Amino acid sequence: MPAVKKHRIVDAITLDSIMSKLSDSKRTDGRGLLDYREIEIETNILKDKTNGSAKVKIGDTEVWAGIKVETAHPFPDTPAEGVMTCNAEMLPISSQYVEPGPPDEDTIELSRVSDRGIRESGMIDVSELCIKEGELVYSVYIDVAVINEDGNLFDAVAYAGTAALLEADKSKFTIENDEVKMLEEREKLPIKSLPISTTFAKIGDKIIIDPNADEQEIASARLTLVTDENGKYVSAQKGKPGGFTFEELKELSVISKEKGEEIRKMIKEAVNNGA
Amino acid sequence: MKTNSIERKYVVPGDVVIEGDHNPIANVIKEGNKIISTKIGMAEIAYNGVKVIPLNGTYVPRTDDVVIGKVVEMNGFAWEVDINSWFFGILTGSAVFGRGFSSSKDSMQSQFKKGDCLVAKILSFDRTRDPLMSVSGPGLGKITEGEITHITSSKIPRVIGKKGAMIKLIEEHTNCHLTIGQNGAILLKGTEDGRLKAKSAIELIGNNAHLSDLNDRVISLISK
Amino acid sequence: MSENNIERISGRAPDELRNVSIKAGVIKNADGSALIEFGKNKIIAAVFGPKEVHPKHMMVSNRAIIKCRYHMMPFSTDTRKRPNLSRREIEISKVIREAVQPAILMENYPRTAIEIYVEILQSDGGSRCAAINAASTALADAGINMRDLVAACAAGKVNGQVVLDVDDQEDKTGEADMPIAMLPNKDLITLFQLDGNLSKEEFDRALELAKIGCNKLYNLQKDALSEKYFNENNKKEDEE
C-alpha cells in the first residue's frame, strides 16, 4: 500500500455505514455502543529477559508490554523512594501511518497518559521500592510495544502494562552490616491497586466505547477515564479537537466504573492463569 | 509437441520450477538452464511456457483495467486515488472537466473530495510515471452506495470465473450486483443479507482459489 | 580437527541449532510479516511496499530503494535499553539491508520504496541472523519478487571448539562469532561478519557449520510459508 500520508482517511462508503449503523445504536462490526471488542490477555510471554510481561489484544489492536526492574541511586529529593517510568512505542511495524523516528505528539500523549494512569492510582507504591535509603532503590521500567494498530491504544497499553506489573517479580535484598546483599528469593512488586482504563469516542451525538481505527478517525472527541478498585477516579484525558458536555462526562464516569470492574476481573484471571 | 496438459505445483521464491529450455512467462526468471519462481504461488508448466500465479502481492496497474479506489489527496489540478498499488492513481482535473479546465480547488472539491470512492479506468501506466486514470465511461464515477470488500488482486479472475460464470453464480444466489475492480476491490450492491452472503462467497474463493471444484463449494455455501 | 566434543553450556551438540519456529503473516496492517522464535530470541519483521518514496528526491528511476530498520525494545535485553536507536542498531540495520537486498528483484519496482522493519522483543544472541530470516519470510509474505529467500545463521568458537549457533551466554565467554546469511539456492553469501580469533581450519569449519545452519533455516522459512499459503486451504477443507 502506498500511503505514507500521515492520516488515515476513512472512505465515504465506510463513513456512511458507520453513521447509519450508529443512528440505530449499532456499530459496523455488530457491537453495541458500549461493547468492547474481544479482549485477549496473555502474561509471561517474554519470560527470559523481563521481570514481567503481557500481550494484550483488543480486536485487532495488539500490544506487548515488558517490565524491567533494576536498581539505581534514588533521586536526591526522594531518597527513600523508588523510580517508575512508563513508555509506549508506536512501532512502524504496526501501521502504514507510523513513521520510524522520534516519538510524535500522539505517541508522547499515549506514553504520558499510560504513565499517569498507573502512577496516580498508586498501583505501585514507590515508597516500598527502597532498598537502602539514600543509596539504592528499585527502578521499575514499563515499556509497551504497539504491534498492530486498530484503534484504542490507550486501553490496550494500559491493560498490558498493568497485567505485566501484576505478573512481575523482582530480586529481594537485605541489609547486612550496612551492606546491601541480594538474596536468592524473589518477590512480587508492591501492588496496591489495579487501575483500569476505559476509552470512549464521540461521533455526532453518539458516544461509543473502545473505538476501532476508523471510528477513532472520524470521532470528534475521545475520552480516557481510569478508575481504581475502590471506585475512585484517578486519571483522565480528553483527546481530539472536540468536546463533551457536563452531562456526558457524568454518564461516562458511571459507565467507566462498571466496565472497569468487568475488565479488572479479566486481567486478574489472566494473570492467575499465567502464573 | 503441443499438448494441453499443464503441470502444476506450489512454489516459493527461489524454487526451481523446471529445468530445460522453457519460455518464462510471468513471476519467474531464467537463470542458465533453470526457471526459478520469484513469488509464492502455483507454478504452471505448459507447452508454451512457465508462469507462477501468485497467491499474494499488491496490484500492478494495467491499461484499461477497471479499478475501485478512494481519493486520498487533491491539489489544484488532480486527485490522488489509493488503488492498493505501488502508487496512487492520478485523476486529472482536465480528464474530468475537459480541456481548457482552469484549476481551482473549489471546483475540484465539488466534484470529488478526500474519502470519496470511485470506480475508474486505468488510462496508462509505465515505468516512468504514476498510473493515470479516467472516470468517463459507463459504470465509472463516484460510488454513492453499497459496500466494498477486498481480496488479493491475483485472485480476481476466480471471482469472475470462466466467461463470467462465477460472478453470475454469486449475483443470482445473493441478488446482489457486483462491480469488480481488478485491483482486488469489489463493490457489492444489494440487501444486507445478500451482501453478507456475497462477502462469504468471495472470502471462500480467496482461501481456495486453486481448487477445481470451486463452483460447487460456492454454491453449497450460498444457496440456502 | 579435535575429536572430543566439549559439552556446551546449553547442552547442545557442536552442530546443533537452537529451537526455531517461524510464523508468516502475523501483523494485519503490514503487507508482509513474520514472527521468529530462535532459541530465546523473539523477533517480528514487517514489510511495507512497494510504495511511493518519501522524500521524493530519494526515488530511483529504474528500481526500488530498500529501507531497513533493526530496533530493540527496551525490555528485550538483560539491562533495559534506552528506546532511541543506538549505533549498534544502525549498523545492524545496514548489514541486514545489504543481506536481503541481493535477493530482491529491485528492477521490477522502479520509483518505489520497500520498507523492512524488524523489532527485537527478546534478544539472546544471534538476533541479526534471526532478524534476517524473519525479514526474508516477511518479504515473501508481502509478495515482493525475489530470486531466492535469504537464510541466516551464525557459527562461532566457544571453549576452543567451533560450534553452530552461539547463544548469548556462550557469546559472553566465547572466542569468536561469525554470522552469515546466504541465498540458499545460489553460491552467494550476503552477510558476513566476524568477531574473534580463528585459525584457518577453524574459519573453514565455522563456514561449513554456518552453511548447514542456514539450510535448516531455509527449510523452516519454506515451512512457514507453506503453512500459511498452501496448507491453510487444506485446513479449511477439514473444518467444513
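Each chain gets a letter, A, B and C, in the order it is written, and its residues are counted from 1.
By definition in this document, contacts are C-beta pairs under 8 Å (C-beta built on N, C-alpha and C of every residue); 3 or more make two chains touch, one makes a residue touch a chain.
Predicted, not measured: the structure shown is a model, and the values here were computed from it.
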| item | value |
| --- | --- |
| For subunit A and subunit B, chains touching each | C |
| Chain whose Cα centroid lies at the greatest distance from that of subunit B | A |
| Length of the line joining the C-alpha centres of subunit A and subunit B, rounded to whole Å | 40 |
| Centroid spacing, where centroids are CA-atom means, of subunit B and subunit C in whole angstrom | 33 |
| Multi-partner residues of subunit C (each touching 2 or more other chains) | 31, 51-52 |
| Per-residue multi-chain contacts in subunit B, two or more chains | 58, 86-88 |
| Subunit A, residues touching no fewer than two other chains | 1-3 |
| Interfacial residue positions of subunit A with respect to subunit C in the complex | 1-4, 46, 48-50, 53, 60, 62, 64-68, 70, 87, 89, 91-96, 100, 102, 141, 143, 145, 147-150 |
| Contact footprint of subunit A on subunit B as seen in their complex | 58, 70, 72-73, 82, 84-88, 114-117, 143, 145-148 |
| Residue ranges of subunit C in contact with subunit B within the complex | 31-32, 49-52, 61-62, 103, 105, 109-112, 140-149, 183-185, 221-222, 225-226, 229-230, 232-233, 236-237 |
| Subunit A - residues contacting subunit B, complex | 1-3, 5, 9-17 |
| Residues of subunit B that touch subunit C when the two form their complex | 10, 12-16, 27, 29, 31, 36, 38-40, 54-58, 86-88, 127-128, 207-208, 210-211 |
